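Each of the next two complexes has subunit A plus one other chain: subunit B in the first, subunit C in the second.
After this line comes the complex of A and B, so read on.
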């Protein structure tokens, strides 16, 4: 299956090679069906730190399962205002 | 405890007074509130002689407490009609505290409506009013430069009022100089610049000041400072995210969550966000050789501030904050970072609140008077304000005035104040804060984005009402406390997650003052602060009906989540359920 992956702020350097999707910080990536957010995190080698993950704009935990065509966005802890 | 400096603009006298004994524990926001509660009639005309402008450093002003140099500026707001505390960085709070001042109270109005004054305060906290009629109409940048030249002191700290405040526009804010002397830190919200203008006051100056205030127990204070600073550096938000990217690091995540208000709150995602995000801003700034990290005042260890520079590397404006980039960017459909910087600079120089003005321009664009996405159209709108034309005066009075004058129904305001950069429909917790805050729509009053989106201080589902009222209530109380200590609200991120950070606050307070502070006393201070504000607002005429979002947010679905605001009225009304009891304990009922 194919999903859109977006990595922001300090996670940007972990973006895999490949076709960018809807912006510079996004890629289309191929993944086996049934994979969880946490497994993608491990594959990408993201640092062992808290992070905030979204599937299609909804905050999710790392045991959430990805399905074909979704957008997965991952952020390091950020805040401001 | 410092003194009150009372400045009577009618008699042109300045005198020092002791702080009344009952207010010994109050500083910052608690003190501006206590003074306004005691001295300003709630029904007073905000731009009339009975209103007072009060500036107060927090309890940690003048000390090396990390991030402890924020300033509270209060008055009855001409925008909301209620009490206002606008919180600002810059150097003034530290300098005023070092000069021995707990608060400065500006009251009355000069007999000659054309006369303009500067209040010049010396290192001992004595003040003098001087005529500065030749500064009339000057922008904040030129005013600050002239004051530096007049005083021959390049370290002078300034508080200045731009032309918008002189013209009594309700979106006018007050500028405070940063450590490099740029007048780029703003007590932006609620029209306090208009109150300053109504007093005939163009500026306040004070020497920087060197000596920190003495502590009751120096050793314990130093230990608590170290504990606090370590927590701020350890937390990934305050230790990494904010210093690296600044507040605009939020653009992508709020957009991802579908709560980034776009084109006057008609959508929750902006297709141009990438071009105006914190990541991109950092790249542009680095490419141009600009500064990407400093504190807005000395003693800040988080350092979320930066400068945005021209292509040749010269200073353009404060590295626009998330709120400003959103307001003048996404909310107006503008994705041009340099264009946003110019709009930000112009607002800063005129002394206009960027949040209010972004909303103003977005509403104006929705009326068809300008096109969404058109930087030149937006600049032209600000030019109307600069010239003080009839249109400019409407725009300068805020989003509600603009919407009413130009026939727009979608006006995102609460208590007449425009909403900041989070749509309350997909982020319901911030909607509770907007609705119920004593300040009008204000994100900083109870920053529920934390648990709704950022995973800080717990997690709640942002699309659901469950737990939102309680979350907002606790944050509103905690924030009132932080504002009273002069602590930047960004310390809240580590304070919510690291127990040692919270402990360090009362340990620093105890060691500094010699009075016993503990966890309960901190929260009591927060509740008392809000009690002053709620009671003042009630007497000014506010009712439960004012603690509501605009009705269209309950029915108009916001893409991409197609959500509406669903927190019930009863839940909203529960936020201030502690006020009656707190007021009774304080022995107050009405201002």
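After this line comes the complex of A and C, so read on.
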């Protein structure tokens, strides 16, 4: 299956090579069916840091299963307040 | 009426809004009927609370477990004679000097997911204003997954001496607005300057006001 992946801020360098999607921080990527958000995080080698994950603009847990055509976005908040 | 696209300094549509028939008293009355939560009363939260109250938001639930320290005075809305006191107590004193009839609820405990659901779940809008990224992620994840009906404003990337113009408000999804440059991280050694922190606090307060008035775009 094929999804759109968006990685924000410090995660942008972890974007795999591939076809750009709708924005600078996005790529179209191919994944096996039934894969979860957490498995994508592991596959990309993202650092172990707090993050927020969205599928098609809805906040999800990392055990959420991806389906063909969705947009997965991952955002890491940084310190300061 | 906004500027024509080609005259706008950033090349984006001007989002100023005129509400037909409404004057500032109507808008303040509308804001006075809302309830807003702020979690974290440091540089972001204490300054955002002051700005919201001055703008007409008079009912707030404010949470912080910390006490005022001398090192906070470079950017937070506290004073020398408040050092050592709980931030909730010190901020209450300051806010009531601005509006003695404000309806303020203070929570002097660390916020966890269950408390967030119990104490902030029925508000009109919530502002995340904590400093640690794990706490930010906990608040955002809990709200997105379990309080999707509560608009949430969060902040990420406000440290350092980079351009204040790099701090923006972005709508990430239907009920989430993110303020900051997304990258400037205190944990990389960047200092916090009152000027840049207050820019971010003002963005948080202002998008809160816009959302409370029914607008959604930053």
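We take it that the second predicted complex is superposed on the first by the 77 of 81 C-alpha atoms of A that agree within 3 Å, B and C clash if a C-alpha of one lies under 4 Å from a C-alpha of the other, contacts with A are read in each partner's own complex, and residues count from 1 in each chain.
Going forward, a residue touches a chain if its C-beta (ideal position, glycine included) is under 8 Å from a C-beta of that chain, and two chains touch if they have at least 3 such contacts.
Here the structure is a predicted model, which means the values were calculated and not measured.
By the document's definition of touching, both partners, subunit B and subunit C, reach A:59.
Within the superposed three-chain model, A:24 lies in touch with subunit B and out of touch with subunit C [touch as defined at top]. Judged by the touch definition given at the top, the superposed model places A:50 against both subunit B and subunit C. In the superposition on chain A, A:1 makes contact with neither subunit B nor subunit C. Overlap of the subunit B and subunit C interfaces on subunit A comprises residues 8-10, 49-50, 52, 54, 57-59, 73, 75-81. Interface residues of subunit A, counted against subunit C in their complex, comprise 8-10, 49-52, 54, 57-61, 73, 75-81. Listed in rising order, the residues of subunit A touching subunit B in the complex are 6, 8-10, 12, 23-25, 49-50, 52, 54, 57-59, 73, 75-81. By the touch criterion stated above, subunit B contacts subunit A in their complex at residues 235-237, 240-242, 244-250, 252-253, 256-258, 269, 274, 278-279, 304, 321-323, 420-421, 443-444, 447, 449-450, 453-456, 459, 461-463, 489-490, 493, 560-561.
Note for the complex: subunit C touches subunit A at residues 40, 42-45, 129-134, 136-138, 140-141, 143-145, 148, 154-159, 172-174, 176, 178, 180, 182-187, 190, 192, 197.
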